[in-house]
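Two complexes come next, and they have one chain in common, subunit A, joined by subunit B in the first and subunit C in the second.
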Partner chain A sequence: MWDFVQICVGGLAVGAIYAVIALGFSLVFRVTGAINLSQGGFAVIAAMLGYTFAVTFGFPLWIAIPVAVGLTTLGGMILGNFTFVPALERLSTANILMLTAGLLTMIQGFTLVIWGSQPYAMPPFSGEAPLVFGPIRLPSQSIWVFGSTAACICGLWLLITRTKLGRALRACAENPTAASLMGVDVRRMTLFSFGLATFIAAVAGVMVAPTTSLQFDTGGLFTISGFIAAVIGGITSFPGAVIGGVFLGLTTQIATAYISSLFATAIALVALLAILVWRPSGLLQSRVRRRHDVRENLKASMHMARLAGGAARIFAILAFAIGLLLPLAVTDNGILSGIVIAGILFMTLMGLDVLMGYAGQVSLGQAGFMAIGGYTSGYLTVNYGVTPVVGVVAGIVLSLGCALILSIVTLRLRGLYLALATLTFGLLVDSCAVGFVGVTGGPSGLVGIPSFSVAGHEFASPRSMYYLVFGLDVVILVGLVGCMSSGFGRALRAIRTDQLAADALGINTVRYKLVAFLISAALASLSGSLYAHFFNFLSPEMVGTDRSLELVAMLIVGGEGTLFGSVLGALLLTLMPTIFQPLALYKTFVSGALLVCGFLYLPQGIYGALVHFVAQLTGNTTPKVTDVKAAGAHR
Partner chain B sequence: MPFLELNRVSVSYSNTPVLRDINLYVERGEIVTLVGANGAGKSTLVKAISGLVRSQTGEILVNGEPIQRLPPSARLRLGIAHVPEGRQIFSGMTVMENLRLGAHASPADVIAERFEAVWRLFPVLKARQAELAGNFSGGQQQMLAIARGLMSGPRILLLDEPSLGVAPLLVNEIFKLIRTLRDRGITTILAEQNARQALAIADRAYVFENGKVALSGLSKDLLDSPEVASRYLGIGSGTAVSEMTSAKLAERLRTALSVVA
Partner chain C sequence: MTSQMDAVLSVRNLTKSFGGVRAVEKVNFDVAAGGVTALIGPNGAGKTTIFNLITNIFVKEDGRIIFFGRELEGMSPVAIAELGLIRTFQSARVFPGMTAVENVMIGAHRLAQRHGFSQTLWLSSSRKEERDTRATAEALLDLAGLLQFRDVHSTDLPMGAQKLLEIVRALMARPKLLCLDEPAAGLNDTETQELTNLLRAIRQNGTPILVIEHNMSLVMNVADHIVVMDAGTVIATGAPKVIQEDPRVIEAYLGTEHHAVP
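On to the complex of A and B.
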């Protein structure tokens, strides 16, 4: 019995931190309608700064901690002012989500450059000795954690409900247009909420630092936990954030203690999916609905960049020829392998584009299907000696099965909750890949996967693999382009633009969404299998959540809704680390920065920029943005 | 010098022109109405004056000072209050909070007296000040939206479709209110589709057609001219036409019946 209480206390301490970060999510979402994934990164920066000031420089804690929090907040506001705030005026919410994911990567890269990759452990603020209450032992640091959580919650509540500033923030949350008519400076409020969320994250970071070891990439974990907590609770509700955080903390700790530490995350995630089925928009719902202003509709239809018919044909032939001749020009095996990897990922990306670019269904767990395909094919070929083709097909069948089961959850959800459910799926597959050591080889990976072969012909060299992948890519691309220019593609785009209207037109939205989802799952599975066969090895982080986020980034950087564009994003993000090998330390930072700049300056992706360039070159004034935009603006 | 003056103002949304070369002036204490069909550009003009949309060319002058580059908050401080179409009240907040937001840009010491003035005009709102604004009827929400606009202590009130979605009895009350406000020295620009009622209370009117001012003049002249009324406002001779048609129909029926008989 006391054991249980002890475990719950531990769970509460973990949950309190999640709750604080979730509060930041809620705050930014309520004021801006966007999700800010960068917070976990700021938490780690603050903790690292605190460590540097307190341990390295030897400042007393009461100076080191406030200075660390202050500096982080200031840095966050400066960064936010040049990235997040201007992006809000131009980008769709899904792109802003990915922009902040880019910010997170950038911050992690910055931490890596400054503090290196080793873990840091901060000494507890008030000594190592735990507080003892009868049979319950309470680490002294958890008092600080509880205290700061309570202070953050109360402070935020007072600010929001009792002050003029809070009223203005709420006004922006509810109706930005009307708020600006009241003389509220919406831009400044946005920046303020971003800064406040950074401050809250920084407080959480310094408080949690002594209870765990921190590394440059711990921020991602904080972000994901905070995001999950915020969405479980209901993203628009502050009490919901707290409840979500505590729930997540308690579930993980109890699962760790009573079931298995390997599956603790998996169990928490299954619980989360169950909650999403039961309450598709979180446990607590705010009574305030955010108004959608016309601007958001505009942003939703901004993605379509098209080449005129004739030019498109010429460029398709040109691209095909380049693809065919590329291995003759590229002699470096490292770079060719990079291109092959990009080609393999392109298969997933085309599926993801059907799902996201056309049907408008965000998926942050696409690498989960890659993992299912890769591990199934790998396991069967390694342990049962089946041919890779059979393995690949088995992987696709299993992926389709999983996609069908997952669709019970996802078909009910939209927007953020869909993003969360798919993220959860990816994390779930991830933790199974780590947990089922017997099948997957656990964290150290599955070794000895044979190269791909068809009827005795083995694709062992990068060059032979290149032609295989190239051929498959072309077939899939041509097939999908045909599909998307038929009624099916139109139906998907109708769903993206307005699901309700699509329903009203008699489009069976459930069936179309399901088909798009299954296509994306099958393609991801295929690409995951090929990936495993190409590397002769598969480990969880190769197909983990970072990969899922990277896939979305590739898609958006390349150009969403174009099918072809994502290959450019894939090539860019895959080849960059290969080409800039000597600067490996800066890799994370640069790829984050590149993402952020891509979103800010090339909102239609590289493909969109190319189309624009070609159109100017040929003097062809193809309307870059479809009529939907003009129609929307007329309101 | 007119109080508010627009010289050759044009507005386009992503290269689609919505307003072209608008010239307009409003004298102190006037009620000026903008009438015209849906999509004629009335709302856009109001938004251009309050700063919600930026005009690409031309100038907007208040007391001779150009304001077209100022953000909405600065224009609010100059005394331009915009009561937007569809009310746009903060439905998750109480009446009190809505009104306080209306005075967001005003100094703290004038807020008490503004409240007094608003309570005198809208006793209903005072009685229900702690209730959530979202629970109000359309007409009451419109009252609240106007009250919220008045909380900034405006010299020019921009009213965009105040009769939209409001019960007819309350519409009369709102129009009466606009006259009361004029008596207190508030200049009003009223964009309305309900042209007959708008012209009845306004001093002057501008008729909009396809983003241009098609006609302007004293509203009583516009009301009195049957040709103008039928062409632009859909009132007046419209009824005459239908009377003629029904007379003809009756005539034909009668002949048809007589043939049968």
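On to the complex of A and C.
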């Protein structure tokens, strides 16, 4: 009995931290209508700074901790001012979610560059000795955690309900357009809420630091946990954030104690998925509803980059010839392997482009299907000695099954909530890959996967694998160009931009979205299988959530809605660390930064810029109304 | 009703309330084959609500809607469009990010014979269908005087052209009944004239039209039959000449002395 109470107390302490981070989510969402995933990253930065000041420099805690929190908040506000705030005016909320995912990656990469990949353990603020209440032992740090959580909640509540600033924040939350007409500086309020959320996250980070070991990627964990807590509780509600945090803390601690620590995350994720489907707006719903103004779907109206017919043909032939001759020019096996990996990822990216670029459905869990494909094929070839082709097909079938179930379950979800559901799916697959040690080899990975082979011919060398991947890529690309440039692609683009109008023309939106999702799942699965066979090895982090986010970065940087463009993003992000070996440390940082900059400054990606350049060169630009009218007048 | 025999669409006893307010109450009317039926009335009379009830975007409380002898009860907007009842929207809902001709080609969706699979394989049948669809789309754009804007992004077009484009897109679906929601709203005089010509051309082609419109000169010019609504009920039906002289219609539009005196 006392064991159980002890576990619950531990769960409350963990839950308190989740609750604080969830409060930050809730705050930013209420003011801006967007999810800010970068908060976990700031929590870790603050904790790392605190460690550096307190342990490395030996400052007293009462200086080190406030300075760490202050610096983090300042840095967060500067970063937010140049990324999050301008993005709010240009991007749809689902794209802002991805932008903040890029920020999180960037912050993690920054932490990696500064503090390295080793774990840090901060000493507790008031000694190691726990407080003892009869049979219950309470670590002294949990008093600090509970105290700061309570202070954050009370402070935030007072600010929101009792001050003029709070009223302005609430006005932005309910109707930003009307608020700006009433003289509220919405831009400043947005920045303020971003900074306040960063501050809260920083406080949570320094408080929790002594109770856990910190690494550069702990931020992702904080973000995900805080975010799950916010969604469970109801993202629009402050009390919901607290309830969600406590619920999540208790669930994971009890699951760890009585089932297995490997499945603790999986259980929390299943709870989240169930809540997303059952009550998309969470357990507690706010009384005020945010009004969705025109801001939504701005990005959807973006024109897609297209080469004119003649130029397109020349480019296709040129690209094909380069692809064919590339292995003759590239003699370095390391670089050729990098190109093969980019080619394998390109398969996933083409599917993701059909799903995101054409159908407008955001997926943050695409690597989950890569994992299903890779592990299925790997497991079957290692343990049952089936040929890789059979393994690949089995993986695709399983992925299609999962995609079908996922899409039926998430049928009603759109935009932001769909992105959340796919993110949850990716995390769930990830935690299964870690948890099912017997099948997947657990965290250390599945070893001894044979190279890919067809009818006795083995593709063991990078060069032979290159031609296999190149051939597959070309076949898939040609096929997808065929249907995306015809009625099928047009129907998807119609759904992306105006579902109601598409309905009115007899386009069955549900069926088309499902087909797009299945295409993307099958291609990701194929690509995951080949990936595993190429490396002869597969571990969870190779196909985890970081990979999903990297895939989105590749797609955005390369050019969304172009099918071909993503290969440029894949090559860039894959080859960069291979070619510039000393820069490998910066890979995470750069991929995050590229995603953020891509969204902000190059919304049509590298391919879009290329198309624009060629069009200028050949004078073959898209006609404008004025041009047409002028031409008509001359005639 | 004598016209019931050749009615394309029959609306019977249609009723819908929003939070206790009767938006549409026991509305009856028919749309005759091969003519233009106009639905007119002051703002808030319930005209657009009727459109949304016909296409099942709203669920009706009571009444029947019969399209070519078929009850539309419980059908999805997609299924209704597949039957050939194609509507446009009050605010031109062209698909952004696509050129004018691509917008029109989407209209052919309901008639397409070749689907994603044969397009993926680049089969000659699907390539031919694609070429034919494009040719038809260009011919229709020409009919509406929009051919010069073929490759312009639809959202870059002036409002009037966007509204015409939406009608052309609906035409591309070869509708058995074309429902237009305020096509002349936001159009200038030249554009309204172009719209009038387009509607006449469609009428000549034999496609029945149901149109909601505020522009009286347009309605009197093209409509064969007018249904007048006020406060959720039908107050008059008949030919344009008859409607123009109906005292109830004049009262609905201009009000009477009676309302001014308490």
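By our rule, the second predicted complex is superposed on the first by the 611 of 635 C-alpha atoms of A that agree within 3 Å, B and C clash if a C-alpha of one lies under 4 Å from a C-alpha of the other, contacts with A are read in each partner's own complex, and residues count from 1 in each chain.
The rule is simple: contacts are C-beta pairs under 8 Å (C-beta built on N, C-alpha and C of every residue); 3 or more make two chains touch, one makes a residue touch a chain.
Predicted model, so just to flag it, every value in this text is computed and none were measured.
Peer 1: For A:A494, is the partner it touches subunit B (first), subunit C (second), both, or none of the two (neither)?
Peer 2: Touch partner of A:A494: subunit C, not subunit B.
Peer 1: Is A:R90 touching the first partner subunit B, the second partner subunit C, both, or neither of them?
Peer 2: Neither partner.
Peer 1: After superposition on the shared chain, which partner residues are touched by A:H612: those of subunit B (first), subunit C (second), both, or neither?
Peer 2: Touch partners of A:H612: none, neither subunit B nor subunit C.
Peer 1: After superposition on the shared chain, which partner residues are touched by A:I507: those of subunit B (first), subunit C (second), both, or neither?
Peer 2: Only subunit C is touched by A:I507; subunit B is not.
Peer 1: Between subunit B (first) and subunit C (second), which does A:C483 come into contact with in this model arrangement: first, second, both, or neither?
Peer 2: In the superposition, A:C483 touches subunit C alone.
Peer 1: A:V515 contacts which: subunit B (first), subunit C (second), both, neither?
Peer 2: So A:V515 only meets subunit C here.
Peer 1: In the superposed model, does subunit B or subunit C contact more residues of subunit A?
Peer 2: C
Peer 1: In the overlay, answer first, second, both or neither for which of subunit B and subunit C A:V184 touches.
Peer 2: The first partner, subunit B, only.
Peer 1: Which subunit A residues come up in both lists, the one for subunit B and the one for subunit C?
Peer 2: After superposing on chain A, subunit A residues 625 contact both subunit B and subunit C.
Peer 1: Hey, which residues of subunit C end up touching subunit A in the complex?
Peer 2: It comes out as residues 55, 57, 76-78, 81-82, 86-89, 93-99, 102, 105-110, 112, 114-117, 119-122, 126, 129-130, 133, 148-149, 151-153, 155-158, 169-170, 173.
Peer 1: Subunit C touches which residues of subunit A in the complex?
Peer 2: These residues of subunit A touch subunit C: 300-304, 478-480, 482-483, 486-488, 490-491, 493-494, 496-498, 500-509, 515, 622-625, 628, 631-632.
Peer 1: Going by the contact rule set out above, which residues of subunit B touch subunit A in the complex?
Peer 2: 13-14, 16, 18, 39, 50, 52, 71-73, 76-77, 81-82, 84, 88-93, 97, 100-102, 104-105, 132, 148, 152
Peer 1: Report the residues of subunit A in contact with subunit B in the complex, numbered from low to high.
Peer 2: So the residues of subunit A in touch with subunit B come to 164, 167-168, 170-171, 174-175, 177-185, 286-289, 291, 625, 629-630, 633-634.
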